[in-house]
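The letters A, B, C, D and E name the chains in turn, as written, and every chain counts its residues from 1.
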Amino acid sequence: MSAWIWASVPAAPLLAALLLFACRARTRALAPWLSLSLLPALLACVIGDAAFTPAALWEGARWAADSPVTRPWLAFTATLWGIAGYYAGYSQRDDAGLLRFWLFWLTALSGNLLLIIAQDALSFYVGFSMMSLSAYGLVIHSGKPQARRAGRLYLQLAVLGEVLLLLGLAMRVHAADGALLFADWSATPVTPVSAALLLTGLGLKAGFWPLHVWLPQAHPVAPAPASAVLSGAMLKAGILGLWQFLPGALPEADNGVLSAWATPVMAIAVISIVLAAVFGLTRNDAKQALAYSSVSQMGFLLFLIALGWLLPGQRATIGVALTLYAVHHAFAKGALFMAANVVKAGGAPLRLHQGWLVVAIGLPALALAGLPLSSGAAAKTALKAMLEDPALSHWLVWLQIGALGTTLVVARACYLLWQLWQKAGEKPAGPDMPLAAVLAWLILCAASVSLPWLWPLMQPAAVDSLPLYKWQELGWPIGVGVLLAVLAWRYHWQAPSALQRQHTPLLHLSLGLKRRLNQALLPSFTLTWLDRDWRRHERRWSRFWQGHTVNRSATLLLIFMIVAGLTIFRPSDLQELLSWLQ
Amino acid sequence: MTLSWTTLLPVLIILSSLIPGLLIFATPEAAARRRITLNLTGVSLKLLLVGLMLAGVSQGLEFRFELTFLPGAQLVLQGDALALQFVALSSVLWLMTTIYAIAYLENSPLRSRFFGYFSLCVSTTVGLALAGNMITFLLFYELLTLATFPLVVHRGTPEALRAGRVYLAYTLGGGALLLMGIALLHSIAGTPDFVPGGYLTALADEHAFSLRIAFGLMILGLGVKAALVPLHGWLPQAMVAPAPVSALLHAVAVVKAGAFGIIRVVYDVYGIEATTLLSLTQPLMWLAAITIIFASIRALQQQDIKKRLAYSTVSQVSYITLGVSLVGPIAAVGAIVHLVHQGLMKVTLFFCAGNFAETLGIHKIQEMDGLGQRMPWSMAAFTVGALGMIGVPPIAGFISKWYLITGALEVNQQWVLLVLGGSALLNAAYFLPLIYRGWFRAPPAGGWHDNNFADQRLETHWMLLLPPLITALLSILVGVFAGTIFSPLGWSQFIVNREFGL
Amino acid sequence: MNFALLSLAIPLFSGLLLLLCGRALRTRITGFIAIASTLISLVCAWFALQEVAAAGTSLLLNLGGWETGLAIRMRLSSLSALLLLFTALMHLLIGLYAGLNRAGINRDFWALSCFLHGSLAALWLSADLFNLYITLELLGLTAVAMVALSGKKAYRPAAHYLILSLAASLFYLLGVALLYGRYGELDVLLLAPRTEADVTTRLALLLMTTGLMLKSALWPLHLWLPPAHASAPTAVSALLSGLVVKGPLYILWVLWSEVAPPALAQQIGPVLAIAGMIALTAGGLSAMRSPSIKTLVAYSTVAQLGYALMALGLLLTWQLPQMHIALWLFVIAHGLAKASLFLAAGEMQSSLGTRRVAGLRGATQTVPVAMFAFAVAGGSLIGLPPSGGFLAKWVLLEPLLSQPQNWPWALGVLLGTLVSAAYIFRVVALSFDRARINPPDINPDRVGHWLALLPALMVWGMALSGEWLIQLLAGGGV
Amino acid sequence: MTDTPLMTAIELYLTLGVAVFLLSLHGLMTLHDPIRRLIAVNLMGAGTFLVMVSLARRSEVPDPVLHALVVTGLVVAISATAFALRLIIAAHTEGGKQRDREDRNTEGGGKQPP
Amino acid sequence: MSAELLPDMTLTLLLLIMAWGALYAPQRSDAMALFIAFGVVVALIWARLDAPDLALAEAAIGAGLTGVLLMHAARALPDELHRSNRTATYWGALAFAVVASLMFLAHLLTDDSLLNAGLLDTDSDVTPSLRVLADANVADSGVSHPVTAVLLNFRAWDTLLELLVLLFALSGLRQLFPRESAPDDHATSRWPESLALMSAWARVLAPLLVVTGGYLLWRGSSAPGGAFQAGSLLAAAAVMLRLTGLLPALRWSSVWLRLSVVAGALFFLSVAAATAIWGDGWLTYPAAASGLLIVSIEIFATLSIAITLSLLVIGEWEDLRS
């Protein structure tokens, strides 16, 4: 019986979607309650044990979240979606196309849940596609030109990613003799092609450098709760996929591909961490800065994945670290993205004191930077624990530079949020947000500090981060960052305007691609020899044979007699003639 | 020949649409009720009989009917598993299309003629599926051309006539080539029944050259209907036909006849062994690959909805050919199951396109803006079909694509992955804009050309709406429940196990 | 043998009787007598066929009871019995049409049709070269007389036909004279073992061949046929195209497959086959471009005779018995199909009041049955399965494809198929045009339309009796 | 044996017959006047009969069979000629005084639409 | 070249000139005249080649009936039909004809020529031939003249069909007068007045012809002559009388006319059927009655031939349709 709980995890949102469609006249009222469809997921985290094997789907389908990675993953994803959904139920209620928004929301949710509980490649792919494609509806929801532009780019890359992922999966499945279960894959070495395909395909979703191009465009234009789940939950799907599909090989099956790739990928991760932070600093939009911060954070996760390839023996530990980091980032980034909406909605209707607001936003922001006692500290400590090996310790510097960058970007984002707050105050009050919705957001904010102490998995890491020398290690990037931020604020440091205006060229390429696809790619050819010149000749020929039937017949008769005569009288002559002609 | 029900059943299945068809011809134009009754009786009877045969075949019964025809080549009808796959598809889609056509052609002239030929068309398709040897196949293949031609030109406009001429030029030419190929084959090996594994293996060495030529001729002949590039030219032009006809032509009858023929030739006439021995698979594979890519690119450039769908058909049907030419059991499953999946999805798309045209007068892609608001159900069905075509799981199209990809890997044809991946990208490129326009764009300010059925509770006539919804649902269901034994996938695996002797 | 003679004599008698009675009989009764005699003749032909099938070999009759060599001999082979049957059947079908369709027909048609029937029967049965000459003349004169039935507009084509037919007969006669001069025999079967490939024989055969080809309008000597057949009354066109041109073809076949030494036959074979191939294409193209319906059908005869000519040529080249089967299957299938085609064309022409192909717009709506007959018969001409035309083509193709060096000939068949499809479907496609429908007269003649369909259905049914026909032709063909 | 004068005469007539035949064939190829065409056909017949009668005369006693054949041929010729001549006349008089050019259109058959 | 060949050479030359003229004379009337003269010369050649039956027939048919026919045509057809034909086609055709003739001549003169290839060998080589058998069986045929024996006994089937040829030609001719009612512009005397001058001659000539015809018929069984010759002569007489208006129009509506047209073929066919049913076989005459049968057939045939030929030559609407 309990196996069926897994089936209900992705099914519940879909049923909710059907229900919503059936009662589409009351979308507005129903929307906040849609988060109830996450109950099976949360329940499953608690009571789900035996896996669900839907044989009707295909041989080897298996749904469960029974590993130490996937179960917390399911839990945080469900929580984040639930809170964001509940919030969105109020924040988006006056939008046009609300039904459409919720349908896409629920489908993406279902996909996201499915891919987490999927224990086989195809189920994962099903969930992944549902999520990716439905997210397009969230990105483009506002219908503004930027949204459409960003949506186009998102969709193009998402589809590309899907195809690459599909091919990579297929190759992987083929290499594993048709086995679909991830559990069976660890004995199968990865080929470079499939590794590259999977890395690119999932990377396009995970959004680390250089595959991040869609992310800073798409996240800011989506409604804030959508940005929250996009950044908090959906990006993680890519990371989870990488984790599941490219496990560091067991020694007996190792062909050295992944371990050889680990270092370059780690380099990519570091570039991602640093570069995204730099870009984030140049942005003038809070959500965009936060998006770049996400790119940067994804670098950390990628780093962990690559680390897993390098240290196959420590896969379990790294898995924990990965989970911790993912959860931490999900809640913190989710809270920050939603903060943009809270701030925009203005203070008064929010019935929230400005001071509390600063605290509420400050907590996840500092947690992201790695504030001691916060989830950030726990996650980073867990990460750094991996790097104690002297052979790897040189990476530490880069990670700390990354932390510095994060601090700066977050500070920048906060500054921008503050500006937004100022502007919102001038404008007439926005829609009235019920307290419950704001509370939900506040819970999310608080998660950054409460989680390390409430969540057993994070507790060891949190405890581990308590020693003072670790505070120092964690603290100096924050300190330096805050200092720099204050200085920048004090002296009105601005990124060069050229950098601020800089748009990714990918947007142009995307538009170009769309236009190109609408043009004739292949020349169309017409058969020119079928023109009326031919008809003229034909007419002349027909006219030639008109009339004088008797004369012509007699002539033809004689000609035929001569020809036939040649063949029956002198076949040898005819042959001679033919050979002479040749 | 003893007459038992197993002997007669194949004939009865054909007659169950043939006789209503002939009666419909004689029905006066005004007697709509009688015509509908005849139609629906025929359909239900056929479904019943097909169900009976399905049950029989899964029990291991053999259905075979034969009649003296040519020296050394009898007329044989037999219901094997592969045949039934196609028969079942045709029958189910015939039901859908009939319902659809009744509403679509309401109050239009010459309905008796239309439905008469429609039934004939189904009879020949079913006959073609049940054909037990090449001669019988050829017979129904040619008859199919004749039965569909009046449907293509049904509107009787100059464009329809031009399209009809083009259609005939292609299909009759193809038929002639097929005849040549079959005759050549007959002169080498006679015309025995289709056998799993083929009957030419023993002759492959001795008659290698002739067999290659015969194969080429037959593939060219079948390729016309299966719309392999460069023999696809008739298909987009045939779009002038009424929507039910396009649906039937593109989803079931004509293009599938070609693809089904290719399956038969490769598996049951030449057999995998001989095909590989004669190294015939590679050229076929290339042809299919080129078709898939070429037609997808062409589809991108079409601004007319039905034309885009038509090129999409050209591309998608070649998946079947590709799967066949890969000659591995997994790819074969992909090919055979795609026969059904593509049929379901494409018929959905055409029904929806017909609905758009019939309800709002929409023919061009540019006119689809905001369609989702006015016709959400049709647009949803359309979306399901289109996403399925792209290969988005869990819709049916994904299943066949998955089997093709893994099948290609199984026989070490990695380059096929590029083709399939590229095709998926191109599919997305030409289908997603339609979905985008339908769901995300605002409706045109001036309203639509026509606005029929505006005052009704449903967005359009219920008989127009029901078939696409059912087929869309079916294409999701066969995708979701692919693992069950009675799904098309399960049945295809049953067929392939027999073919490959697994 | 007596049944065969009966089958021959009854139409002649009834023809004479009808001529004698003149206007004393009403037209209906005239028609009734003619049809009844055709029916009796048909039954007799059937019994004759049974007789020869039972005997297993061809039956010979020395006329006048004179010894072999002196007497004119009649031969009843299974082929000639089949042709007798076929002739009677065609006359019956066309007679029924002529009698029952509303327009009716000139009363003289009945006597002439009886005469034509008798002449053809005499031709199939004859085994004497000079006797064949006279039957040729009978055939030619009756045919011309029948063309002239349709009045003034037909006189000129009829005159051309007659003059060319006479000239062709004289070519044949000169050849017969030379053969007689050389061998002193006129009997086909006596001549057959004695012929040598010397100059006289070659010259004689050449002359006879050209004459016969002109008579049966084999390419390139077909120029007279389209105007003559197109301008004749509908029923007559059907008879002319379906039957009359086959008479000289039969003689040509007898001449080359029996009388001529095989070495010579092998030399002439390719020429005939190539001519046949060209006929298929050239005739087909002319049909495709023809502006008037009946001319189209007439050109189609030219094209279809190409198949027969090709089969004959290849029969001679390779001396293959299958080709013999193919040849006669073509003849029979074409006869039935062409009858239907002409009747349908005539019916549409009279119902729609136009002679132009372009006037057939919307014919599927206005004259559906006639148009259907046209299409069905056309399907057999194209060779779509399971029609008689397909059967013939199949038998022809088999030996062509069995050897790679024979494949170029198969290309000819392919070309022929495509061209026939082109001209048939040119009409069919046009008939679906709903934009500019040509309205029919107030009350089209339904009976006539259905009767036009009858032969077409028979030719499609022919495929089911294919095995029987092939065995018959393979058994006692010669 | 071929040295006898009679045989030489037969050769002469035989050649004459062929010559007349060929001459009339030429006439048939070139003449436009229907009457002359008919004359040409008749001459052709005469040439044929000449060959036949010459062949009959090869032996001392002429061959009755060939003579009988020629008699038959003559009757056929006269009846056909009579019919053809009347037909030609009918075509040119009763046909409403058509001019040759007009006639050609109906006779050619392969006329193209304008 | 021996002198004995002189007449033959003369005839040959004459014939060639006349043939050429009949084809290419500038005036059509000249061409017709030359064609009639050609018939006379041919008759002479038949006589020269010991073929009296043929000479008789040719004289009656070729010169007589054909002459009347052509005269009829000359009147009926406008002259402008004749045009110059010296066109490119003409020369092309001439070239072809020359080539063909040369080819033919080349074969005539080579070793393997027609003349050496058995065509002119004596009959001794050609055994057993039809001719030998015919000669041998004349005695059993019921008549003594071999040509008649061949025509009416050995090859009676040919002759029967030949009667049908005449009949069919007449049937064809009848189609040229399609209207069931009398034409308005029907001229009873469409023949020129000049012919009336002939009437005096005709009165004398016609009975003579009739008598000659009867004689030929009677003589046919034992000497040159017979049904065809007699029939042609009778037809000539009838034509002559008809042209001069001495014979009233024959009327198709009269059953006697129809009967006499059909009689020959019908009787012959009946005999054939009777012999097949009651006798020894199709056209196998009972030995005793064969002479009688042949004569009766000849009588009927003569009647039919005479009437049919005259109708073919001068038959008008009133003869054929009334």
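Definition applied: a residue touches a chain if its C-beta (ideal position, glycine included) is under 8 Å from a C-beta of that chain, and two chains touch if they have at least 3 such contacts.
Not measured: the values here are computed from a predicted model.
K.L.:
Going by C-alpha centres, which chain is most central here?
P.N.:
The most central chain here turns out to be B.
K.L.:
Relative to chain C, which chain's C-alpha centre is the most remote?
P.N.:
Greatest centre separation from chain C goes to chain A.
K.L.:
Roughly how many whole angstrom separate the Cα centroids of chain D and chain E?
P.N.:
Here the centre of chain E sits 13 Å away from the centre of chain D.
K.L.:
Taking each chain's centre as the mean position of its Cα atoms, how many Å separate chain A from chain C?
P.N.:
The mean C-alpha positions of chain A and chain C differ by 77 Å.
K.L.:
Compute the distance, rounded to whole Å, between the mean C-alpha positions of chain A and chain E.
P.N.:
The answer is 105 Å.
K.L.:
Cα centroid separation between chain B and chain E, in whole Å?
P.N.:
72
K.L.:
Residue numbers in chain E touching 2 or more other chains?
P.N.:
In chain E, the residues touching two or more other chains are 89, 93, 96-97, 100, 104, 107, 119, 123, 130-131, 134, 154-155, 158, 162, 165, 169, 172-173, 176.
K.L.:
For chain D, which residues are shared contacts with two or more other chains?
P.N.:
25, 28-32, 34, 37, 55, 58, 65-66, 69, 72, 76-77, 79-81, 83, 87-88, 90, 94, 103, 107-112, in rising order.
K.L.:
Applying the document's contact rule, which stretches of chain A touch chain B when the two form their complex?
P.N.:
54-59, 61, 100, 122, 125-126, 129-130, 133, 137, 140, 143, 148, 155, 159-160, 162-164, 166-167, 170-171, 173-174, 178, 193, 517-522
K.L.:
Under the definition above, what is the set of chain B residues touching chain C in their complex?
P.N.:
Interface residues on the chain B side: 67-71, 75, 110, 113, 135, 138-139, 142-143, 146, 149-150, 153-158, 160-161, 164-165, 168-169, 172-173, 175-177, 179-180, 183-184, 186-188, 209-210, 213.
K.L.:
Which of the residues in chain D end up touching chain E in this complex?
P.N.:
Checking each residue of chain D against chain E gives 1-2, 5, 7-16, 18-20, 22-27, 29-36, 39-40, 42-43, 46, 49-50, 53-59, 61-72, 74-83, 85-90, 92-94, 100.
K.L.:
Would you mind writing out the residues of chain D in touch with chain A in their complex?
P.N.:
It comes out as residues 25, 28-32, 37, 103-105, 107-112.
K.L.:
Can you list the chain C residues touching chain E in their complex?
P.N.:
2, 5, 9, 12-13, 16, 19-24, 61-67, 69-72, 74, 106, 108, 111-112, 115, 118-119, 122, 130-131, 134-135, 137-138, 141-142, 144-145, 148-149, 151, 155, 178, 180-187, 198-200, 203
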